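One structure is given below, represented as structure tokens, and several questions about it will come after.
Chains here go by letter, A, B, C and D, matching the order in which they are written, and residues are numbered from 1 within each.
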Amino acid sequence: MVKIENLCMDIGVFSLKNIAFEIAKGACHAVLGPTGSGKTVLLETVIGIQSVKSGRVIIDGRDVSALSPATRDIAYVPQDICLFPHMSVMDNIMYGVRVRKLDTAPLMPMIDELIDFLGIRPILGRHPSGLSGGERQRAAIVRALAAKPRLLILDEPFSAIDSALREDARRLLKELYARHDITSLIVTHDIDEAYFLADQISVLIAGAVVQSGERDDIYNYPKNIAAAEFLGVRNIYDSAVESVQERSLAASFCGGYKINITCGCAQRKFSAGQKIKWAIRSEAVYILKEDSDPAGKSNCFDAEINTIYTRGKMHTVLCAVSGGAVIEIDIHDAAFNKLKLARGKKIKISLNPDSVFIIN
Amino acid sequence: MVKIENLCMDIGVFSLKNIAFEIAKGACHAVLGPTGSGKTVLLETVIGIQSVKSGRVIIDGRDVSALSPATRDIAYVPQDICLFPHMSVMDNIMYGVRVRKLDTAPLMPMIDELIDFLGIRPILGRHPSGLSGGERQRAAIVRALAAKPRLLILDEPFSAIDSALREDARRLLKELYARHDITSLIVTHDIDEAYFLADQISVLIAGAVVQSGERDDIYNYPKNIAAAEFLGVRNIYDSAVESVQERSLAASFCGGYKINITCGCAQRKFSAGQKIKWAIRSEAVYILKEDSDPAGKSNCFDAEINTIYTRGKMHTVLCAVSGGAVIEIDIHDAAFNKLKLARGKKIKISLNPDSVFIIN
Amino acid sequence: MWSLKPLISMSFKNLAVMAAFSLFIFYFILLASLFTMVDASKFLSILKSERFYFSIKISFITAFITTVISVIVAVPAAYALSRTNFRFKPAVDLFLELPLIISPIALGALLLLFFNTGAGKLIQNNFISFVYEVPGIIIAQFVTSAGIATRLIKAAIDEISPRYEFVARTLGASDFKAFSTITLPLAKNGIIAAAVLTFAKSIGEFGATVTLAGAMPMKTETLPIAIYLRLSNADIEGAAVFILTLLALGFTVTLLTRAFAKVRHG
Amino acid sequence: MWSLKPLISMSFKNLAVMAAFSLFIFYFILLASLFTMVDASKFLSILKSERFYFSIKISFITAFITTVISVIVAVPAAYALSRTNFRFKPAVDLFLELPLIISPIALGALLLLFFNTGAGKLIQNNFISFVYEVPGIIIAQFVTSAGIATRLIKAAIDEISPRYEFVARTLGASDFKAFSTITLPLAKNGIIAAAVLTFAKSIGEFGATVTLAGAMPMKTETLPIAIYLRLSNADIEGAAVFILTLLALGFTVTLLTRAFAKVRHG
């Protein structure tokens, strides 16, 4: 298990503040944050290139904070891959084994398996300069794993790969994680990538972790505005608590509407009249069929379509609720066509009370 | 109207071969292609920085192929934006007007409108170094449009913008196109971006346009393997034509299954026994509800779920059809939950005959 | 590596820092030894002498003229080398690298040989005299610095993305307008740094100057020539004053170019 | 700009190319004038003379030793300046830039002054004699080239992403191992180019050498000193042979460094 405890860093004007999270053995943890949030500095601190101001990095019970990178047992694949350009792929892979003077024999079966699994046997004799981004990345992953590190760190793992090939690269990495017991930390600005690969996610904004937890919780229930906006939540509304029940609360919505929220037991902290913000992801808003009866459903509103952004798989519909607020809805192409949506059309929308959440 | 006619270029080992497409007045045309396909060279040729080997660039009836960039009436926003760092944003915007010694007065109303629409009035006095990627891009677009060019060219328009802010930037540009009569050529490797912004798309692979046409046609019916794979089509199958009807044809599918294809009138070209490849986008494959009766639906198959990749909005389900072939399905989160999908579950899938297409 | 190995493994970085410091100390000791030679009263009397004033004046005037001419030629030449492709570009590029490598005395000697040819004599007799004259100082400085100035300014222009000019040209600017309104202002600090360095190099030029213009007191006696003449007369304390002057200039120039380099990157 | 304006607007690029060519032609004419001076029979007799052979030998031996010492010191120093932060780094950096700017004659004079101090005399009397001796050539070349070699090698190391070393260290390499197995091989061509340039500079060094080691025939008579001595004796044809030798060396070296630079970027 890897524990990051209250890590603090100062580099010039930039600082990391009390970074803390854990990575369970065999799990993948993603640090997700925008450009300039301090992701790379954090990662270099964990690796041991930057030294900590305070706090500790503990790997399998051993405090490595004061150790050199060579003895931390952390493998690292940087954003630009950095295969050693003057060595063949095989020499790259064996670099760590050789430099540590490890016995090659017991490691070879696993290395061979990795080579085959990642499909780089045909390029073992080649030098990095002629390889594609994907080939380089796979070679770098085998190099990183060859000496059985306790933690694998990937910095923006797919940025060096052509976007059309990223999906395959992601799936391969996901499968690799499933087959081998790899404890991994990835650092990325891409929400989809973090969600796809990681079990837990920490959101890093301006040098501080604003939220850390299970992937689905982070995705579905961001806890504050900065995280919500970064995670692409587009429906955020100022509101006030109207009434608090045992397992839900009602809050105001534009034009005297009410919205029911059942998310978690969060309502305990709230009292009637309190100012809050509530939010819902655009894909959690449903457009009801014209003939459906909204009576049975909660949080149903009449709305009129303002704007439609068509895309490939999902379209975005912006509609104004009668009270004036604009709600954004992501809708699958099939449903979009079935509902015959068009600008100016009057629709009924429904917000699942479980999907509505409160942010600070 | 802009016409690119049989443009050929040679730069060292790289060449552009017979590039041809048209951009209707007020339309946005996207050149979509992977890294190294020649997008930037094409664009520099249209601008006039590279000279053509053969072929012509015609803008509103005028052959500009031999003109200098200064007299082509083409505005250009490069990938790295390139606001002049030693000038204020306002001086950047006015550069073209001043250098052409145009009368400022008649242009100012439109420039002012653009400034306000793109929200850059507060930064007019500032120098580019302190601005965000989005602010720079908006300033560069105003600079490009200030002297009313006949064609606006954007190279990878959103690459300089943080991914979390790209959606807003895209929508703003889309609205700008809707409000002003801008004829535009964008160059990108991002399928979603091209689909979102453009009316027509040309797919450029290895220096040649492999397909050019309306956005939806390109997205839904790529014509050859290279385009289909680049455009993210994951279900492609070798097959043979079994029978040809007036408005559809039947083709073989693994294990003796048959698949009906109604796409266009393409079947005219085919005859029974001919080897073909057919394909379908993953979001066009539907999973039927357990209680639904497949009798009425065509192209229904029994399948078993192999692998599930969960994401935020859409999940990917890989399932094996009884005959052995694997079909990939993209499914919206709500439907995914409703259908209670899980690995090993037996499902019924349906392929809409209109969504199945034949590629070379 | 044998016996050094443990030491190296222990702290390779410290060893590297030590190497840097040993070089520093080497140069520092040389400078320090200068001050053991300087006698305050003699120092002042030399500073006040007309001959010192003459050396300063002739050095500054010639170096200034050289710098102006070098920059005027080097800016367009650097632009051509950085931004355009033309025939014989590799040959031109190669020739401009020569003064960086070839001994200044060889360059001075080449000038001397040239002025001994028919064409050279024609120029000498009908236009300006160079050999053993002040214009000879200027041309000697020019021949050793013009190539370097071109390289430095080319490096400054290379750092500026050509896309700035592309954009300016699509906005209606001619080649020259795009250069003068965009590239030139952006390269300004680099050009100034190159000019300052050319000036400093010219002030310190000795080999080519002594060959072409000779070492003539109160005539072609630039600061380096003055050092040479004083040392020839075993006037070590006298030489020290001139060395100190050159060093002070050198430090000033280094700090100045760094200030400009910082502005450029900032 | 007044009357030039139309010309400039017409073809600014051609004007820039013309500037580059005029510089090229300037240097080319100088070279060409050399050949008007060379008399084949005299040329051959000098080439065969013992004195020419001595100059070549002493130049190559001293320049080779200087290059070896410079590279040995410069590689770790450059690494320290490129990759580590240490106290007084700005001061060290500043001092290493001085030899680029300060007149070689001032540097030679500084050496001469140093060997006139107590410490200097102690070294001269008990270890090696430098003043007017062959070791003086080497130290004169070293003082003018070590700083430059460090700068060039630092530039080569700066080009290599430090992340290569980071990766090597996470894979278990010590600082030194990461340097010797990754950075050093990657900087190899840059270091070779720097060594070749240091060698060329040392071959051509005149100002510091003439000051410290003097111009003594058949003793400290390097190629530049030989040119100086021949010109002093008005033996222009003799000087021409030596100039030609230096030029040939200069061309070879320039082409060599370019070949290495190309390999590095390729």
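To be clear about the criterion, a residue touches a chain if its C-beta (ideal position, glycine included) is under 8 Å from a C-beta of that chain, and two chains touch if they have at least 3 such contacts.
Owing to the predicted nature of the structure, the values given are computational and were not obtained by experimental measurement.
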Would you indicate which pair of chains has the most C-beta pairs in contact?
C-D
Chain A-chain B separation of Cα centroids, rounded to whole Å:
26
So, what's the distance in Å between the C-alpha centres of chain D and chain C?
14
Counting only Cα atoms for the centres, state how far chain B is from chain D in Å.
55
For chain D, jot down the residues that touch at least 2 other chains.
174
I need the residues of chain A touching at least two other chains; which ones are they?
none
Is the way these chains touch best called a line, a ring, a star, complete, or other?
ring
Interchain pairs in contact, sorted by label:
A-B, A-D, B-C, C-D
List of chain C residues in touch with chain D within their complex
8-9, 11-13, 15-24, 26-31, 33-34, 36-37, 73-77, 79-81, 83-84, 86, 88-89, 91-92, 94-99, 101-107, 109-114, 116-117, 119-120, 143, 146-147, 150, 174-176, 179, 197, 200-201, 203-207, 210-211, 223-224, 227-228, 231, 236, 239-240, 242-243, 246-247, 250-251, 253-255, 258
List the residues on chain C that touch chain B in their complex, please.
161, 163-164, 166-174, 177, 181-182, 185-186
Of chain B, residues touching chain C in the complex
44, 47-49, 68-72, 74-78, 80, 82, 84-86, 95-96, 99-100, 143-144, 147, 149
Hey, which residues of chain B end up touching chain A in the complex?
34-35, 162-164, 167, 171, 174, 189-192, 195-196, 219, 229-230, 232, 281, 283-284, 286, 309-314, 330, 332-335
